[in-house]
Amino acid sequence: MSPSTSLRAGLDFDAVSAEDVSRVFGRRRALSKISFRARRGAILGLLGPNGAGKSTMIAVLATLLRPSGGRIRYGAYEAAASGPALRAAIGLLGHDLFLYPELTARENLVFFAGMHAVADPDSAAADALRQAGLESRADDPVSSFSRGMRQRVALERALIHEPRLVLLDEPFTGLDDASAAALLGRLQALRASGAIVVLATHDLDLAEGLLDHAVFLRDGRMVEAVDHPERVRSMYREIMNRRAGLYGPPGAA
Amino acid sequence: MPKWFMPAAATCGLMFAASPFLIANAPYESTMGLVQKIFYYHMPSAGMFLIAAVVCGVASVRYLFGGDPRQDRLAWAAAELTVLFGALALVTGPLWARKAWGVWWQWDVRLTSSLMGWMVAVAYLLLRRYGGPGSDKLAAGLALFGMANVPFIYISVNYWRTIHPTTTVVPTLPVSMGVPFWFCFAAFLLLFVLLLRLRVRLEEQRARVDALYLSLDQ
Amino acid sequence: MFARIVWLVLRKDLTVEVRSLEIAYTTVFFAVSCVLVFAFALVREGQAPEDGAAGILWISIAFAGTLALGRAFERERQSETLRALLLAPAPRPAIYVGKLLGILALLVAAEAVLLPLVALLFQEDVFAHPVWLAAVLLTGTVGFAAVGTLFAAMLVRARSRDVLLPVLLYPITVPVIIAGVRATAVLLQPEVEMALVRFWLALLVAFDVVFVTLALWTFEPLMTD
């Protein structure tokens, strides 16, 4: 493994591991000792109800929040020491879309490609528009798009610099069936291309059959971590019922 | 609470109780008369106001770039004392000015600059009170800017004033730096240190309660 | 790298603004309203008080500037695009400079409308020393916007940001207002004392240098976490 250290290409790494990551906001513990490892060519799902800490975990992974305890290791690197070079290897699709509604789809993509120092922003944006199936609407402002179309543009924006680590926070929210299917296809293609995909969702129907690893969160705690989950939905129901009213991760007193 | 705190608090109380007698027995200033005696409280208040502001600024910069929560607690405590002693200085100043200059408020450079510095300290507290989570860092940034602003405020107010000379003649003040003055200064300094320690301790306790809540939550 | 990011952010802001013109229109209209409100408060028998025009001009700039700053960053907050900017592998001070230049462009445009209006309403000969006046306006606006851009950016993730922005901004920018008003007032007088103008201009330049440096230095730690 010889990770490139050039700033333009970003750092490279084969796995992201969370080691006992905690995050507190005042007296509220949003995350408590979360540990998992996400590998290349695999999709890891953060599953749990609203308020379970999924978004906080995604923000910590994206280096937008510092953990209060524990650490995240990006291969051989850590967030504090690596700064911009590390950010170049991360793509984030947040719950909010990170798009300027007044700008067209193409302008948004070209702008963010430029911000990420992509060599040829125009052709990268053209590729992204083709990928999103929005070439015919490329020069319309994003504000005129439907939720599904915006989500597609937002996903391509997050991927425009071909990040190694792809973080998606509730990407299925508000998507119709066709858009959701397209997103699923895109995620599978990302996995095939060797990206590390971390996906936070409470939509278990769509997560079914997609995930390589599943991490179940509840009230900021890790309740269960499973490799190759077969039937996520029933597993989720079983785990959440089992844990209802019972505090603390398995094995911790 | 450290061992020295209670004896020091008692000493401070006694000093403040004794100060009126010392001030009453101090020599009567001939041109300004009785009103000059307000200086025995006014000047120490202004001095503590400055010291508190400097403590707040330095601690804020250290917090901003070091991230040590102890510096943040110190900065917060000092900001509150800046507002407290600043208010004392800003109230006792005009009380004296009413007699000496014939007006409550004079756009005097020191008075006006003090008011602006006091405003920054109040803005700091407002930000911490209403800014929500994360406002500790932002307040530290404000304190740094406020500190850098002091010379600009002073110079600009000074020149702004001299261009509009006021009709009242500012008398040169023969400040008698006698025993009562330094006695009062020491009393105020002790009060400042005690309040700062008390306030920092309160924040420390709060942080510990937060930590306890979190460990219960484990 | 730095200059490229500055240019990208600036061009993006200007494109968004040209497309909607929202901030430009509202800021200019608000500034004009300020001038009129202060004129009604201060003008007696058709005469503005001494140096009134300079004061009204700068108050309007400061008020309208606060509005523009709040709105410009509300735009970055709406779909959390500020987080996307911070996530880009770009030097973060470059993002600050880009935003600052965008705000400056807006405020200079507003001043271009305000100045003739003030000249017209108060019978002031504002074009007697155009270069000096432009220098005073520009350095003053840079100082105001430099502090304002940093504060507005850091308040994006604070509660009550709308009220806190002026609360924090005005006490810090008092020297800019004093220097701006005094220098402008001197320039509007029939006999201009150039030494005074130079003094205030020097103070403004020093303020700009100190506070732009401080803002570049503190932007990164203030925007993280």
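Residue numbering begins at 1 within each chain, and the chains themselves are lettered A, B and C in the order written.
Note that in this section a residue touches a chain if its C-beta (ideal position, glycine included) is under 8 Å from a C-beta of that chain, and two chains touch if they have at least 3 such contacts.
Keep in mind it's a predicted model, so treat the numbers as computed, not measured.
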From chain C, the most remote chain by mean C-alpha position
A
Count the C-beta contact pairs for A-B and for A-C, then tell me which is higher.
A-C
Closest chain to the overall C-alpha centroid, by per-chain C-alpha centroid: which is it?
C
Averaging over Cα atoms per chain, report the distance between chain B and chain C in Å.
31
Report the inter-centroid distance (CA atoms only) between chain A and chain B in whole Å.
49
Counting in whole Å, what is the centre-to-centre distance of chain A and chain C, each centre being its mean C-alpha position?
39
For chain A, residue numbers touching 2 or more other chains are none
Where in chain C do residues touch two or more of the other chains?
225
Note which residues of chain A are touching chain B in the complex, please.
24-27, 29, 32, 248, 252
Where on chain C is chain A touching in the complex?
1, 4-5, 8, 12, 15-16, 19-20, 75, 78-81, 83-91, 224-225
Seen from chain B, its contact residues with chain A in the complex are 133, 210, 213-214, 217-218
Once bound in the complex, which stretches of chain C touch chain B?
147, 150-151, 154-155, 157-160, 163-164, 167-168, 171-172, 174-175, 178-179, 182, 196, 199-200, 203, 206-207, 210-211, 214, 218, 221-222, 225
For the complex, which residues does chain B have touching chain C?
64-65, 116, 119-120, 123, 126-127, 130-132, 134-135, 137-138, 141-142, 144-146, 148-149, 152-153, 155-157, 159-160, 163
